[in-house]
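As structure tokens, here come the structures.
Shared between the two complexes below is chain A, which pairs with chain B and chain C, respectively.
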Partner chain A sequence: MTLLINRFSKKYSAITAVFLFVLFAFTYSVKAENNAEVTNQLDSLTTKMVTESEKVAEEVTGHHETEEEKFNTSEVIMEHIADAHDWHLWGHTSIHLPVIVYTDKGFECFSSGKFEHGHAIYQGANYNYKIVKHPGEQKERIKVVDANGNIDEVASASVIDLSITKNIASLLFSVVVLLIMFISIANGYKKRGIGAPKGLGSWLEPIIIFVRDDIARPNLGDQYHRFMPYLLTVFFFIWFNNTLGLIPFFPGGANLTGNIAVTMVLALFTLIITNINGTKTYWGHVFTPHVPLWLYPLVIPVEIIGLFTKPFALMVRLFANITAGHILVLSLICLIFIFKTVAVAGVSVPFVVFISVIEMLVAFIQAFIFTILSALYIGMALEKPSHNNDHH
Partner chain B sequence: MELVTPSLGLVVWSTLSFLILMFLLTKFAWKPITAAPKEREESIEGALKQAEIAREQMQALKNDNERLLNEARAERDRLLKEAGEMKDQILAKAKNDAKAEGDKMIAAAKDAIEREKLTAMNQLKTQVAILSVEMAEKVLRKQLEDRAQQEAFVNDTIKSITVN
Partner chain C sequence: MTGSIAAIGAGLAAIGAGLGIGRIGGSAMEGMARQPEAANKIQTAMLIAAALVEAVSLFAVVVALLGNG
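Presenting the complex of A and B:
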């Protein structure tokens, strides 16, 4: 592993450094900015700060009391599964990721640190913004507010949140890692020609061959090479992000492939690739099915719905499997807090390890299932006209 | 409900990221990565085929060699046999020739001896004749010393001639 990192850091230190720099620079520059602001406006804020601090103190004590009263398991779990505008590392340290909002007055970009975890209002160039959570939800919504913190629902409706959230940062990280991994393997192949691969390549080649021989070829026949780039990308993207999500600390831990938006995008890709490659026979099954004419009003809508149910199932399957895994692990950890004794850790930690190992298997299996079903659907769309028409 | 509500930002960013990832990987990674194992498989297949061909050629060569060896062995046996026969023939011929030559030499020697013997006999006969005539002369000279005896002898001789 160290060897691997060394090799990467030698070759791609620049890229990795830039990526990490962007992440961290944002955090620290923002902190510095905050400090400067505070010193400059110290005088004007003195009076205000007294009342603010009182308010904060109240909030903290109030919060503390509720925590003592009842530990809200579902809230904790949902908070971990949901997306966030900053990446919590440990204790009170978190990476403030950039917020990008598009409103009717244009783009605005600032650090999520300005929100101070939802406690503060950020005065943007166009509007004032605040993070709001709906009651019973953990999803952070950026709303337009006035100076007093009252939500302006009309202006908020135009806000499009394109922030680099925790999931998106994780997504970008995985993209960078996947690029480094596979481009380095590709360079290895270029260097060694047809010789046996070494290092990472020797580990990944059997998996690439597996995707080719057990996923692409059986379903796509002689046209498999056209879809290999998509299948390989989707397979490794899902597998890597599934696995990354199982790592509980930075840069893992984001529930990316357990997010319905991501699985929806992946399923949409399969839907689009399937249907733009649809042959005459494939569309014939949809619009001129081999049933009596009077059944057409019933069968054609069913067939059209069928076009969408297949990728929809892909979307839900991946989302549900990965989210379920996260919830399971978090629930087992929460047992410690529910029973309020460390002794429970003796039971729940081994269980978490056990479930995590299973989840590693699930991570692979779900990537495999998504890819093989995508290949299957694309293969169905490539169907050639056959003389035997009564197989339906 | 929040779990199953896709957020627009994530949809936009993941679409963008995935497209970029797929584009870059297709351009820079998947082509060499999928081409290399394919080429390797093809080269291995080719090597196996060639090995099979070489094996067959080897087998053919071996068969050829064996055949040649057998032929050579047969040839050698034949040659040896022929050589043996030739030896016998040569020996026999030599023996016959030697015998014929000996016989010839013996015959020649015999002839020579016979000739020498004849010559010797003839010389002996001539010698004997000469000696006989000399003796007869001496005897006659002794008998015919007186005139009367000479006349008697001539008469006898004439008489005998008349009888003839």
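Presenting the complex of A and C:
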């Protein structure tokens, strides 16, 4: 699809060149930093006309995210939804987050600013490091390089990257905010006793009651209070981080719940809590299902796989929903750069606002679904023996 | 070429999920219109069912995304 759009934009870039000259009067031109390199990279098949118009396009769009000769949509989108070693603030300003690497020679800690966005090599105590980003890969990786700047793949294999990346910084930020919020309202209840809530409590109490009455009680029955701490934590964590991810600037913008590792850990918690609390009846369904004996070799493996597919679905659902939302918003913004005219912004920006409002709803629904399905799975594990199943 | 096939796969997954969620939503609307007092319960059940349908299509989308790379 990207290929098609690229081809389309190439074909029409001659026409848009006319627009671009008009635009040129309004837009301050920023010198394209690697113009020489850009010209070399140009496809030899493109006509001179196209080359000229693309050069102009580069100068107009040069001050945006990319300084490439051609706007690579999927690369820009992937860069925005992926994790990073620095947190972009505005223009060329970003927070350089600490890099912590563990190699066979021990720990090393330094600022990611030393890499100068992948242009420089950092000379550490044990090795020389460089950030490498392969074209097809989303993630930027820290590799060991030798004196000449060549990647040492053998030594790179031992690098364990434990850096405080953008996602981790965002995670810590959200944890601090959530702790302050909930500890302060808990103290408020302690001080005033149970009664009409005040301040932050009056905003959060209905949501806590909603989690209790609509999520925990119907699925967990009389044992709901045991799982309320987990369900509330997971609900508010996902909801808060989903919403934080929708904010396009600092301290939002990190795609935390759209990171499969984060959702995997959340799903793992549900898996562990479900199976630790499994009753005899629950395990009985897995290992002694109510089917003829000759079906056991077929049914038992299916049941065992079933234990893992449920949290797996939780993991993929949250990851895919949030990532899809981010990709949608970014690709609508990218339309402006694909067609290389600001006129498109008149259509795409209102549409982005509209999608963002829907994403606010999705952020809530996904938190709700993750929590209610967790409650459902835990509720299934708490199952008491029923009289219908006793005679087998 | 693989990119185009992955895109077709993602599109097919969207068709399946669209049909599934459409039916769930339509039936839930019907149910709510017949029994407005049960709207809350129907809505919760609808969301769970929609999430389960969606999960299958999201598996397909993720596979398409991985296959693309």
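What we mean here is this: the second predicted complex is superposed on the first by the 320 of 392 C-alpha atoms of A that agree within 3 Å, B and C clash if a C-alpha of one lies under 4 Å from a C-alpha of the other, contacts with A are read in each partner's own complex, and residues count from 1 in each chain.
Everything below uses one rule, namely that a residue touches a chain if its C-beta (ideal position, glycine included) is under 8 Å from a C-beta of that chain, and two chains touch if they have at least 3 such contacts.
As the structure is a computational prediction, the values presented were derived from the model and not from experiment.
Looking at the shared chain after the overlay, A:Ile168 reaches chain B, while chain C stays out of its contact range. Contacts of A:Arg317 after superposition on the shared chain: chain C is touched, whereas chain B is not. When the two complexes are overlaid on their common chain A, residue A:Asp214 makes contact with chain C while staying clear of chain B.
By the touch criterion defined above, A:Ile372 reaches chain C but does not reach chain B.
Chain A is touched at more residues by one of its partners, and among chain B and chain C that partner is B.
Contacts of A:Val144 after superposition: neither chain B nor chain C is touched.
In the superposed model, A:Leu244 makes contact with neither chain B nor chain C. The residues of chain A shared by its contacts with chain B and with chain C are 319.
Interface residues of chain A facing chain C in the complex, by the touch rule stated above, are 1-3, 136, 214, 218, 313, 316-317, 319-321, 324, 365, 368-369, 372-373, 376. Contact residues of chain A toward chain B in the complex are 78, 81-83, 100, 134, 137-139, 160-165, 167-168, 171-172, 175, 178-179, 182-183, 185-187, 189-190, 192-197, 205, 208-209, 212, 225, 228-230, 232-233, 237, 259-262, 264-266, 268-269, 319, 323.
Listed in rising order, the residues of chain C touching chain A in the complex are 3-4, 7, 40, 44, 47-48, 51-52, 54-55, 58-59, 61-62, 69. Against chain A, the residues of chain B that register as touching in their complex are 1-15, 17-18, 20-22, 24-26, 28-37, 39-40, 43.
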